[in-house]
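Shared chain: chain A. Partners: chain B in the first complex, chain C in the second.
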Partner chain A sequence: MDIKFDQVGYTYQAGTPLAAVGLQDVSFTIHGGDYTAIIGQTGSGKSTLLQHLNALLKPSTGTVTVGDRVITSKTSNKNLRPLRQKVGMVFQFAESQLFESTVERDVAFGPQNFGVSQDEAFALAAQSVERVGLPADVLQKSPFDLSGGQMRRVAIAGVLAMQPEVLVLDEPTAGLDPRGRREMMTLFARLHAEGKTVVLVTHQMDDVADYADKVLVMDEGKLVANTTPAGLFQNPDWLLAHHLGLPKTTNFARSLQNRGFQFDRLPIREDELVAILKQQLGGQQHE
Partner chain B sequence: MSKMILGRYIPGDSFIHRLDPRTKLLATFYYIAIVFLANNWVSYLFLALATLAIIPLARVSFRFFLRGLLPVLFLIVFTVLIQIFFTTGGQVYWHWGWFTLSSAGLINAAYIFIRLVLIIFMSTLLTLTTPSLSLADAVESLLKPLAAIKFPVTEVALMLSIALRFVPTLMDQTSKTMNAQRARGVDFGSGGLVKQVKSIVPLFIPLFVSAFAMADDLATAMEARGYKDGYGRTRYRVLHYGRGDLLTLVVMAVLTLGLVLLRK
Partner chain C sequence: MAGIIDVQDLKFTYSGQQRPALDGVSLSIPAGKWVAVVGHNGSGKSTLAKNILGLLEPESGSVEVAGMRLTADSVWDIRAEVGIVFQNPDNQFVGATVADDVAFGLENRAVPRPEMLQRVDGALAAVGMTAFKNREPAHLSGGQKQRVAIAGVVAQRPQILILDEATSMLDPAGRRDVMSLIHNLKTQLNLTVLSITHDLEEAASADQIIVLDNGKIVRSGTPETIFAHGSQVAEWGLDVPYSEDLKERLAAAGLQMPLTYTDEERLADYLWTLNSTK
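Moving on to the complex of A and B:
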């Protein structure tokens, strides 16, 4: 399922003296099965952009096409459910959306809204809770008795249980411990490998380098780059000008470059760097 | 929310913006009181012209004032209709059962209409030009004499400013939670009554949970910074009267004098 933005503009509180531009002339295409990262400093329009993916916001100008659904400023608020089922959205600090008496009922809430029977929804809930790495006995617990990290996982399970084709993640690992972060990122990578389209908003350049195929850079409501992570991180000065950083590996490679190492292209992942260093340092191979 | 102009501050640096919030608060209440002095066309005309002369001083678009009428439009229309149909006296134009359309009714309705619109314009002027925290400061300052009878002025003022401070935060949280539940297939504001009431649960429970969490965090943060009670504390925003406030006093005196002279 492709997602296409065509000259999308969005103005907050349009028609009042408090009007503020959220998006301006944004055009891009995300193909089905892509893993796309969206980066940009705070207030650059990332979250505004995300909310267009499932019509929580409708473009003031231009069109958004998700699969065969076309959304314009005139689209009615009725009948958006099929779209919202296809595009699952994990918000920032998603644990704050939990409300049910048990984890099972909370995770089953989404599927039930989309017309799945209760038994089926509970089955999906059990599956999804297992997917996010929680033990089955949490199903009957209150979500409010869990730790913050576990609550986040329950919220993510609640979105997975909707069986979306597109998974939109708004800083899903913010505030998690390092292990939780790694496990969540691995889970998303696995879901991507299974064919889901993933859209990830993040401030972690390492995640962009390690997981994404494509990257969109937002600045002041405009799309300023639509490229691949390998391409993006060749340009450290441009990134700094847009208040963004480099992955740890690329940063390290740059310091090495200043001390005389040669790189045709700056590596963005650890394994790339290791391969290049092995080549240049020579030395014995330890099997 | 875009319709609820009451309680929305528009930043600016006009004469009215710079007035002491206590002056604005007292002047608004005083104005509402003296509106009731007007009782004939001349006095209402005088009052309306004076009000329309004061409003541009705030340098806020007049549209905001008109929009301030929207939330109470129903009340105004209802009151005016009651006046038109239930006041008797003067020449009767039309009569049906309990309903009477008379000249006294029409005149009374017009007076009431002008009165309500002027009162709302003036209170909108107060809320458009005064941040709610300044209003809380003004209330605290004006309540101070009550401390003599052991009224907990600083505590009440603190509660008031905390409550005001969290209105935007809670609104923000509400829209976030609504979006999150919409993304999970909830349709707010559609379907039958039962369905609509049911859709409140996934909104309110997360809101209560986060409100309690925020209250807890705030209490911890205040204690960590040594908060005990409000007595003897110095202020960041110090209120003091200026020349503008004196001018406001004069304007209010002139208004009162004018109304007293013009009324019958």
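Moving on to the complex of A and C:
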């Protein structure tokens, strides 16, 4: 299922003195099965863009096409359910949306909302909880007795239980400790490998380099780059001008470059740099 | 050996738990230092901070803050000397405006109004938020909210600032901004800082790092000595410094690498030397 933005514009509080541009002339295509990162500084329009992916916001101008569903400013709020089932949103600090008395009921809430029977929804809940790496005994616990990291997993299980084709993740690792972050990113990589389309909003350039195959860069409501991570990070000065950083590896490669090392292309992942250095320095014999 | 915070053989167990959350912790923090406490979730970091503030009552052992032994009688005097900033900027606002919020703690302490207004203005100036004085806290960015939370602490004029993962919910720009603010305030106001953190850069900027695991101190030392443990620091809830991780991978690929902690600059120099002498 592809997602296509065609000249999408969005104005907040249109027609009032407080009108503010959220998106301007944004066009791109995300193909089914892609892992796309969306980056840009705070306030650049990333979240506004995300909310168009399942019609939480509708474009003021232009069209958003998700699968065979076309969304324009005229689209009515009726019949959006199938779309919202296909595009699962994991919002920032998703654990703050938990509300049920048990994990099982919380995770089963989504599918039931889409018309799945309770038995089936509970089965999906058990499956999803296992998928996010939580033990089965949490199903009968209150989500509020879990740690912050576990609560975040429950919230993600709640989205997976709706069996979406597209997973939209808004800074899913913010506030987690390093181990929690790593486990979470590995989970998404696995879901992507299993065929889900992943859209990740992040400030972590290492995650862009390590996981994404496409990257969209937003600045002041405009799409300023639509490229691959390897292409994007060849241009450090351009990134700095857009208030964005570099992956740690690229940054380190630059300081090697300043000392005289030669790179055909700046590496973006640590394993690439290790391979290059091994090749350049490896022939040496140690005493 | 009197530090501004002295903890002796502290033990604490949450009710209903078998295993103590703190199991014989002793530490001494000299005035004016920045100490980072690191460790996995559940290692006892926040429990330690809560015991120092008297929010939890130790099972055994003693806590001394700013020369006062922590007891039911001294707890309010101690809290006047210790400010704390928590992780989630949204969970610590009470005021309708930024200025009200900063004034809240002072009102609780019955500071006379003229002095209160003066202190609020001073604190907002110190964190660079004067222009936002009459704004609603809800409409600020994450970094700005943490600045206001810090102003609330600064207004109380404590000697000690505790940061409980205070930057972990911020974006990289917000994080850098809040860290540089705290470094400035520490110098200006002669604060002692105790930061509970998973953030590598925050830990690296401390004078001393204390590693907690299962309620016990398992390591303590300067950032250099702690980071020299390479990828082992991941087991202590920290990110492995990039230079150390790369060094280990290069060593595994057969290159000879230095054994001591090497920051990125030194590693780049070392690799260049290796390249020039091959």
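Assume the second predicted complex is superposed on the first by the 282 of 287 C-alpha atoms of A that agree within 3 Å, B and C clash if a C-alpha of one lies under 4 Å from a C-alpha of the other, contacts with A are read in each partner's own complex, and residues count from 1 in each chain.
As a convention for this text, a contact is a pair of C-beta atoms (placed from the backbone, for glycine too) under 8 Å apart; a residue touches a chain by one contact, two chains touch by 3 or more.
Just so you know, these numbers come straight off a predicted model, no measurement behind them.
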Chain B and chain C placed together on chain A: clash or fit? clash
In the overlay, answer first, second, both or neither for which of chain B and chain C A:G260 touches.
second
Based on the superposed arrangement, let me know which partner A:Q41 touches: chain B (first), chain C (second), both, or neither? second
Just checking: does A:P229 make contact with chain B only, chain C only, both, or neither of them? Give me first, second, both or neither. neither
Chain A contact check, chain B vs chain C, more residues touched by chain C
- [ ] Check the residue A:G180 against both partner chains and state whether it touches chain B (first), chain C (second), both, or neither.
- [x] second
**Request:** Have a look at where A:K278 lands relative to chain B and chain C in the superposition and call it first, second, both or neither.
**Result:** second
Clashing segment of chain B (vs chain C; choices 7-15, 79-87 or 223-231) is 223-231
Interface with chain B, chain A side, in the complex: residues 13, 16-17, 51, 54, 56, 78, 81, 84-85, 87-89, 91, 94, 96-99, 109-110, 113-114, 144, 158-159, 162
In the complex, chain C touches chain A at residues 40-42, 87-88, 141, 165, 168-169, 171-174, 198, 234, 237-239, 242-243, 245-246, 249-250, 253-256, 264-265, 267-269, 271-272, 274-275, 277-278
Residue set of chain A touching chain C in the complex reads 41-42, 93, 147-149, 174-175, 177-180, 203, 243, 245, 248-249, 252, 255-256, 259-261, 270-271, 273-274, 277-278, 280-284, 286
In the complex, chain B touches chain A at residues 2, 10, 61, 63-64, 173, 176-177, 179-187, 190, 201-202, 205-206, 209-210
